[in-house]
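Same chain, two partners: chain A is paired with chain B first, then with chain C.
Showing the complex of A and B:
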């Protein structure tokens, strides 16, 4: 079942909580306590805005066990606006064509489930970013 | 500190060995290597394997294989570094002999993937990725290669068809290798019709997973001169690491570990890229072949695929690769792959590569990657039979 394995990552998975480096200001996701840029300690928590753009992407037709139900699905490298890349699935794409450079935003979705009775793992996925004017009109 | 030489090599066919278990595959390769070296005198055994614990519920391979290979009692352990396990095991054997604590070491790489099928194998292979930040999002090994390939095509203006020449070369060479899994030639025109696995990676871009085992025996170079007619000297052995996850890399399209291990190996061997006569690289995906050529200094960034397009990777070209079919056509028996590479380079340098022979090969390089380059192991081998013209046995 491995509940604890997923539980301990909840603030990362639900809120994109990473870290920031005191010395050089670089933001880290996933958190690793040591700055990737300057190797200084980086333990101060930082919550990412969840906005970014697509750096690369792939649609997976041969899924691993546990992911068969939603294949084909698209996994992307997202460049967050604060700098780091993150690996995540794209969702809510409707008929939009995925492209490198496309603006996206983080949402929380089901990542995988383990059968009818099993644990459901939630976490971040990314969808096309809703333009600001559409938000204010609504 | 003594130099290290290869005195024995052996391997099984690569493919689907439905009737053969991990222990027997290992034994067949070891038996062949012992025969080749005409010795039974082995002091330590290093087993390269990635997935036996998951796919065959069999860990503790060091002791198991030692027992079933008639080496009961010898020092034996498993070395794991995803699909670089075989290269990493070779590295351990070289370190052991070089240290003087072990006189003769056996390396066997073995993988038995057909005990499971389909999505189970894909999931187990993906355990070589970052479980918490890649695998949980449904990424696969092919998917990681696809992320690299898409961005490479975008940044360097490369088309899908431009990768075809890697697979055409590999299959052309595999057709001449009796132990290869795929012995059919590929027509470049068919490339666009291949089933897509992880867009843009198609079946023609990726190596087939397979069963297989390969073995190498190393000892100190001086002793090797008395033991083998054609000892092959290990003139460099290096291993470097990088982040497993692509998203943690400073430069996604640069295989930093591959570059670091190759540069260090060439400096140890005192050679430059143009001195390499044959290069067995880790073409688990066509994009990895292109990126490896760039990381190892054979092509500028973004231009590794030019070498394939221009025919430079063929047997008559400036840098022959995948000369026995590579992972793409010989097959990719994961933890055994790195040892197959060493065996194949040794065959080339001994002039015993049959129809796969690169004429006059004197210096060969093998580079084994773990997944998308989280681990990179580089070995440089050299034919050095000059002092051995009057070899007359033991």
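Showing the complex of A and C:
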């Protein structure tokens, strides 16, 4: 993959920047400039909250080239709270914990590295929120 | 020219500055020291700490800094476009040439009208960035400056430092005193050329001076910086509720605290090394975030870092009422420490890229 393509996608990958439709209000991710619901132009940028839930998932044991480093890993369809479905890896959790409907949040992680000397590609993955402990003074 | 005299005084900016947001990060994996002992000493060697944190396969100083920075932003509740510097201190930047800080600045929305740079000074790179941020905000050049100390430390297999070389750190957003959850009332830096620990260009693992790392290195700089700062602000150990010292293990910061007159309970909440290891450039700053999570308004905190090569930065902080409304807005340091999955030495070697694949 080319350096320029990684560069073009950085807002989507680091911040989940998509678009919103001016005429019907539908949120789009990834951005595609035309509303999928009403076909009106949709060019207003919108940063998604990063919260959603697992819609479906599968575990990859035989990864495509470039993703061997992390295998096995689980890929999920995430239903974002604003509506769109996003495909992403899950992280910070064990395979046995994953279930459909589980609430998850976006984090930025290393997606892949283009060899020892190539660029490191960062982007979104999803995980369960960090559990909050009871605060106690030491 | 001989060494500077500490009478040259306390470092304090023209305008009052403080911490307006803070965020910690610790990866979820833990390697018990008994695993390293089992591998290299037949289980008979003992261990300087209980366990250390280990980053996952998809984590590095960029991703960890982004999460800590997002936590700091969640607490500060400010427009990221008002940040005029994003500075990341580490000795494990993923690239030799290409800044960590621009990726972090992009991810939190601080680009493009901002300064960004990576800092390097062994374990005190994070507080070095904090000192600079104090100057940047205190001079009026910037409304906010973000300083981060974060590391995924390198430990040579079988070396004494493998037990403790860990991953984690914190982000501190520096801003004006009137917005601060903790005002920085003074700081002090103390450095000399002391060759206690280093890593040459292209070398995978650091080298160190064994016992030389103690008296002439850690203790001389930590104690000198602490005494000069406390003298400058006119305070003694009894004036502080809490103190945080750079923590390469449990013994060094405990002994430094005792030498300076601090009681064990004053350093307890910020002494994390037994449970997460030495997070290098993250060590002193994540100790501070753990203290901010439990501190009360008007508490005073002493923070003293140490970086090999060698030097210390010391900070005197006073907690304000704003701590109460901000600390619940992001996960606490203890939340991250409690999120924990124990791994064995084999998994550790894979996660840390120690396996030779070709």
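To be clear about the criterion, the second predicted complex is superposed on the first by the 125 of 138 C-alpha atoms of A that agree within 3 Å, B and C clash if a C-alpha of one lies under 4 Å from a C-alpha of the other, contacts with A are read in each partner's own complex, and residues count from 1 in each chain.
Heads up, the rule we're going with is that a contact is a pair of C-beta atoms (placed from the backbone, for glycine too) under 8 Å apart; a residue touches a chain by one contact, two chains touch by 3 or more.
Computed from a predicted model, the values in this text were never measured in an experiment.
Participant: Just chain B (first), just chain C (second), both, or neither: which does A:120 touch?
Facilitator: So A:120 only meets chain C here.
Participant: Per the contact definition in the header, classify A:58: touching chain B only (first), chain C only (second), both, or neither.
Facilitator: first
Participant: Touching A:66, do we find chain B (first), chain C (second), both, or neither?
Facilitator: In the superposition, A:66 contacts chain B only.
Participant: Does the superposition put A:15 against chain B (first), chain C (second), both, or neither?
Facilitator: In the superposition, A:15 contacts chain C only.
Participant: Determine, under the contact definition given at the top, whether A:84 touches first (chain B), second (chain C), both, or neither.
Facilitator: first
Participant: Once chain A of both complexes is superposed, is A:111 in touch with chain B (first), chain C (second), both, or neither?
Facilitator: both
Participant: Residue overlap on chain A between the chain B contact set and the chain C contact set?
Facilitator: 70, 89, 111
Participant: Which bits of chain A are touching chain C when the two form their complex?
Facilitator: So the residues of chain A touching chain C come out as 10-11, 14-15, 47, 69-70, 89, 91-92, 94, 107-111, 120, 122, 125, 130-133, 135-138.
Participant: Which part of chain A faces chain B closely enough to touch in the complex?
Facilitator: Checking each residue of chain A against chain B gives 5, 9, 30, 36, 55-68, 70, 73, 75-77, 84-89, 100, 111-112, 121, 123.
Participant: Can you tell me which positions in chain C touch chain A when the two form their complex?
Facilitator: Residue list for chain C touching chain A: 28, 56-60, 62-63, 66-67, 94-95, 103, 106-107, 109, 265, 268-269, 293-294, 331-332, 334-336, 338-339, 341.
Participant: List the residues on chain B that touch chain A in their complex, please.
Facilitator: It comes out as residues 119-120, 122-123, 126, 132-140, 142-143, 146-148, 150-151, 154, 195-201, 245-248, 250, 252.
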